[in-house]
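Per-chain numbering from 1; labels A, B and C assigned in written order.
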Amino acid sequence: MADTMAAPAKVAITLTVNGEQRTGQVEPRTLLVHFLREGLGLTGAHVGCDTSQCGSCVVELNGASVKSCTVLAVQADGAEVLTIEGLGRDGAYHPIQEGFWEKHGLQCGYCTPGMIMSAYGLLKRNPDPSEDEIRHALDGNLCRCTGYQNIVRSIQYAAQLMKDGPTAPVATSAD
Amino acid sequence: MFPNQFAYHRPSTLEEAVGLLAADPDAKVLAGGHSLLPAMKLRLAAPGALVDLASIEGLRGISADGAVTIGAMTTYNQLVDSDELRARLPVVAEVAAGVGDPQVRSLGTLGGSLAHNDPAADFTALMLALGADVTAVGSQGERTIPADEFFLDILTTALGPDEILTAVRIPVPAGRVGMAYQKHEHPASGYAVVGIAAVLALGDDGTCRSARVAVTGCAPTATRAAAAEAALVGQALTPETIAAAAQAAPGGLEITGDLYASAEYRSHLVTVVGRRVLEQAAARARG
Amino acid sequence: MSATLDAAAPVKLVGQPLKRREDPRLITGAGAFLDDVRLPGLCHLGVVRSPYGHARILGIDTTRAAAMPGVLGVFTGDDFLDLNPLPCAWQAGKVQNNVNTPRVLAVGEVHHVGDPVAVVVAETPSQAVDAAEAIDVEYEELPVVVDARRATEPGAPQLHENAPNNVVLRWSCGKEAAEVDAALAAAEVRIDQPIVNQRLLPTPMDTRGSIGRYDPGTGEYTLWATSQAPHVMRLLIAAFVMGVPEQNIRVIAPDVGGGFGQKIFLYFDMPLVLALSKKLGGRPVKFYEDRSENYLSATHGRDHLTDVAIGATRDGQITALKVDTHANLGGYLSTIAPGIPTTLYARMIAGCYKIPNIRVDVTGVYTNTAMVDAYRGAGRPEAAFVIERVCDLVADATGLDPAEVRRRNFIQPSDFPYDTGIGMLPYDSGNYEPTLDRALELVGYDDLKAEQAARRARGDRKLLGIGLSSYVEVCGVAPSKWIGLPGEGWGAGLWESANVKVHLTGKVVVTTGTLPHGQGHETTFAQLVADELGVPYDDIQVRHSDTLGTPFGFGSYGSRSLSVGGTAIYKSVAKVREKAKRLAAHMLEAAPEDIVWEDGKAHVRGAPASLKTLGEIALQASVAYDLPEGMEPYLDETTYYDPPNCTFPFGTHVCVVEIDRETGAVEPVRYVAVDDVGNVVNPLIVDGQIHGGIAQGLAQALYEAAVYSDDGELVTGTLNDYAIPKASMVPTYELDRTVTPSPTNPMGVKGAGEAGTIASTPAVANAVIDAVSHLGVRHLDMPLTPERVWRAMRDAERSDPGVAAAAD
């Protein structure tokens, strides 16, 4: 039982978040999303469910798209993490952020950081996705506002921008 | 949303990991964490300690000799991306591409899925149909467990309390063999309401030399559909024989119902998904 | 088009699809939702909830919990007997309401699983949850009832002493029952149909929460809450629950991640965190639901059991409609629960149609389930579902095409304003048939019908279904004297306020009592003000969501923000403009009536060079060196706008589905929506609202159902079980619109927030039923899961093998 068990000692962790080395002391049970939000003040990743479904908390962990609510902070010790806060570079929006703005890919904005990070993961694996591939790539992200159509359009817009762009931002960014 | 307290271990050797499990009956193995951590967040599981396999070398990767060996910590995405699998066992990559969602596939592992033995998992059925062997290491040493003897009951396998699933070895059948998996997904969880894997081998005369068919999603654990297999072996794979086998498939299965799909409907789905997947496997076998 | 001409023409922003000014912070992770609010000394609430649907609390032992790490205090209902139960602010008009509302924590009895019983305040959220788990509550289980009809039957378990047979209210509208019965008896065609509108979980992605902070120095409270109506929360907490002066409470809604109605209401935690902060000497106390808690104890939606009797002529004229609805309102009454199945449902039952004889009876019922209150559409989706099913049932019974039945019954353009005779205010304007025509044209109706017949004839594995829904809904509900206590029972007014200020520098600040939770108010309102005042869009700031600094407001729900809140802004701008003109006249030494206002400048009629810009006028108004006799300084105008009527958006949606004959699986393959929401300020935002609404309504038809077991457990208690749609589960939406301005307000706007949800559920359900209608299926209850559709097909084939054979 939780209340009879002494709390285990906190564990020191060091990770690279958005290109910066960050350290912290965490309980083993601390989820990565809570460490990012409470420990590092990076509140872009949100928590919208407790069953690992909604994807509001998606970040990149060592270059893989993950739900930060389903990773322990201790598991991320030594890892590289990219969050929504680190996506834009030098004050400019990432093409996916531009796409979401241009195509009205968000309403309340709560799921948006996770959606954008999932789109980032998708376009890295598949720079030229079909509409069907985009929709299935969002299987781990729930949005209750948009009905998804403008999210799909946003990602299509971003894919085109990234194809046309002078440099491919995904290839040069923090993973 | 907040797991109970637990101690966290990240051993660097298998021996160390086995020792930790042997010393603490309340310890659980952490692989990809995509079944265990959600259960812990809802406090449906509260292990006293987690033994994270992430730093143990040799548990990841895919290698091939006569058979394909997949390390337990190999993620679904690594299965999807594997040229080795695409060449020799494409059905494994195919199934991996349909597990959960992209984030689950980033971290979820084959070994984790099999050791957890969720009654609706995809890979349990596939491993049964492929006739895979599971390798386990415990304080008594290493042993090999055929998939047919591995999945015992809901969330229960043949693994001992201090045993760790380290790899899966899948035979690569020679000759005219067709493999396929199809599922009817739950709209919320994405898990299989009914999932069926089929591996059909044709003899020189074009009749079905062997058939392995396994069903997931509708019973406490994935199970071979013996009646369907029996109905296929020795038969020419015509639409009629396949339909008859599919019709026979629910026989002998302990099909259960839930809010989303009654036992009766699941049983019906077994016949429909069964026919479709057998047709697909037969077509692939014919080449 | 010539570039010179473009440059010369003033650019009007109303009607332009401007990108939202809200988005930069939200796409960079810089939004500040409730869970993102950081305050020094913040501590956290863990809640102990009833595991039983109905039980007596025999004892609560908090000793173990109190000794746990980080625990600052443990509290039960007995600690808050000085707080009144939460008020029910909308009781059904002119009938008796047997009111039972929750206390901040249950005292004596619990009435649904998830009913809050005790709380822990701890230093961290995980400590709070740990300690809450260590509170031991002893219960005596009581019998449970979850079904609204069964709850009213003799011998059913009783929830509340003052509500015999668990009846909250009995309410009716329309003609006398005998008169409608006579019309039914005389009808050439008579159809009876039970219809279930299942319970739903609203599921905003940002769950509910609140942070309370008491300032011991001033005695003032601040509440941050995920709220659609901060001023109303302040009023209810201050005057009804806590008994503290209203001015001593400030309520702030931070970025709110979706509401859909669920965040209109007052919940236990809002007064509780304020009271706890006071008990803890001023430390801020935070409650933020996890998803399971949101599902267990935030409000649910819909849950009607309805019997419909229809009378019609053989040529498809609907002559009589009798509707009897049991509305499940849950274990207690939520803030405005009784108003939903009465005013907003029953009075809209006629839909777009002229029906001479209507009677609706509504029974509101307590059951051992979570409270039910407004959920996107709130009553109108339930009404639209009934009347749009009625149209298809009449089509089926008369052999007419469903589109033709609608045409033959539509209220005609010359009929407006139109009174349906069942106590709704007159529909303000409408022209229904063009939306039907356009939708059928866009979808290619005749070709689809031919394709459907061909597939049936060939015995294809994929059946095709085409479903229609022509809807009308009511938005911007007002005026106060109608909706309020003298009329429909709403316990306050429903006007809206706005203030428009032009600062010395010419910059404009607009404050509004409405507020966004995804709808883009900051953008839409700035577009409106830019045009009406003639100032640059970027010079306009729109402020909202804080009771400090905004006039009173009733909040955002019922698609009222633009038609009521926007009109208040429009009128404030007009007042600013009028004052500016008077001041300009003084500055230009002209008569006020000779001043013309154009593009943010005042000039003398016939002398366009003799002008003052708004900036010059604002400067003079601010420094006040030379004002006309009697004029107050500053350009600063407030409006309290109480509309003369509601607005009534309408349209037609068409859904096309494919059904797998073998599995019953439904795939929505096309979706066409032609809506008329009056004039449109920002089409990008309006289309987005329609998209999201369609997805939510479609999800009710196909995927979603909140299910309680007979012993009161919420079986669909997580997102693992409750299927809100994913991107791969919805089709592409093909949108068009007609524009019939509302005569109710000067901008001619109606409202777009709920239209999609109201229209889509019947369109999708009608499509599925249409797909299997050749088998003899007349009606199916939602959600239309594969199993339900498969059973319908199988049962139809069993009962009439001939039909099935012919269909094959």
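Methods note: a contact is a pair of C-beta atoms (placed from the backbone, for glycine too) under 8 Å apart; a residue touches a chain by one contact, two chains touch by 3 or more.
Values in this document were obtained by computation on a predicted structure and should not be read as measured data.
**Student:** Examine which chains touch each other and state the graph shape they make (line, ring, star, complete, other).
**Tutor:** complete
**Student:** Return the chain pair with more inter-chain C-beta contacts, choosing between A-B and A-C.
**Tutor:** Most C-beta pairs in contact, of the two: A-C.
**Student:** Please compute the C-alpha centroid of chain B, do the same for chain C, then give the distance between them in whole Å.
**Tutor:** 44
**Student:** Any idea how many Å lie between the Cα centroids of chain A and chain B?
**Tutor:** 29
**Student:** For chain A versus chain C, what separation do you get between their C-alpha means, in angstrom?
**Tutor:** 30
**Student:** For chain A, give me the residues that contact two or more of the other chains.
**Tutor:** 2, 7, 27, 29, 47, 50-51, 53, 139, 141
**Student:** If a residue has to touch 2 or more other chains to count, which residues of chain C qualify?
**Tutor:** Where chain C meets two or more other chains at a single residue, that happens at 126, 130, 133, 290, 292, 718-720, 724-726.
**Student:** What parts of chain B, by residue number, touch at least two of the other chains?
**Tutor:** 1-2, 4-5, 42, 188-189
**Student:** Can you check the complex and tell me which residues of chain A touch chain C?
**Tutor:** For chain A paired with chain C, touching residues are 2-3, 7, 27, 29, 37, 41-51, 53-54, 56, 83-85, 87-88, 93, 97, 100-102, 104, 106-113, 116, 131-132, 134-136, 138-139, 141-152.
**Student:** For chain C, which residues count as touching chain B in their complex?
**Tutor:** That would be residues 125-126, 129-130, 133, 290, 292, 662-663, 665, 703, 707, 715-716, 718-726, 729, 785-787, 790-791 of chain C.
**Student:** Going by the contact rule set out above, which residues of chain A touch chain B in the complex?
**Tutor:** Against chain B, chain A makes touches at 2, 5, 7-8, 11, 27-29, 31, 47, 50-53, 55, 58, 61, 64-67, 69-72, 74-75, 118, 121-122, 137, 139-141.
**Student:** Spell out the residues on chain B that touch chain A in their complex, using ranges where they run on.
**Tutor:** 1-8, 10, 30, 33-34, 37-38, 40-42, 46, 48, 50, 52, 54, 75, 77, 100-104, 106-107, 188-190
**Student:** Which chain C residues qualify as touching chain A in the complex?
**Tutor:** Residues 19-20, 22-33, 35-36, 38, 64-65, 68-69, 126, 130-131, 133-134, 203-207, 255-258, 260, 290-292, 517-520, 684-685, 687-689, 691-696, 718-720, 724-728, 730, 732-733, 756 of chain C touch chain A in their complex.
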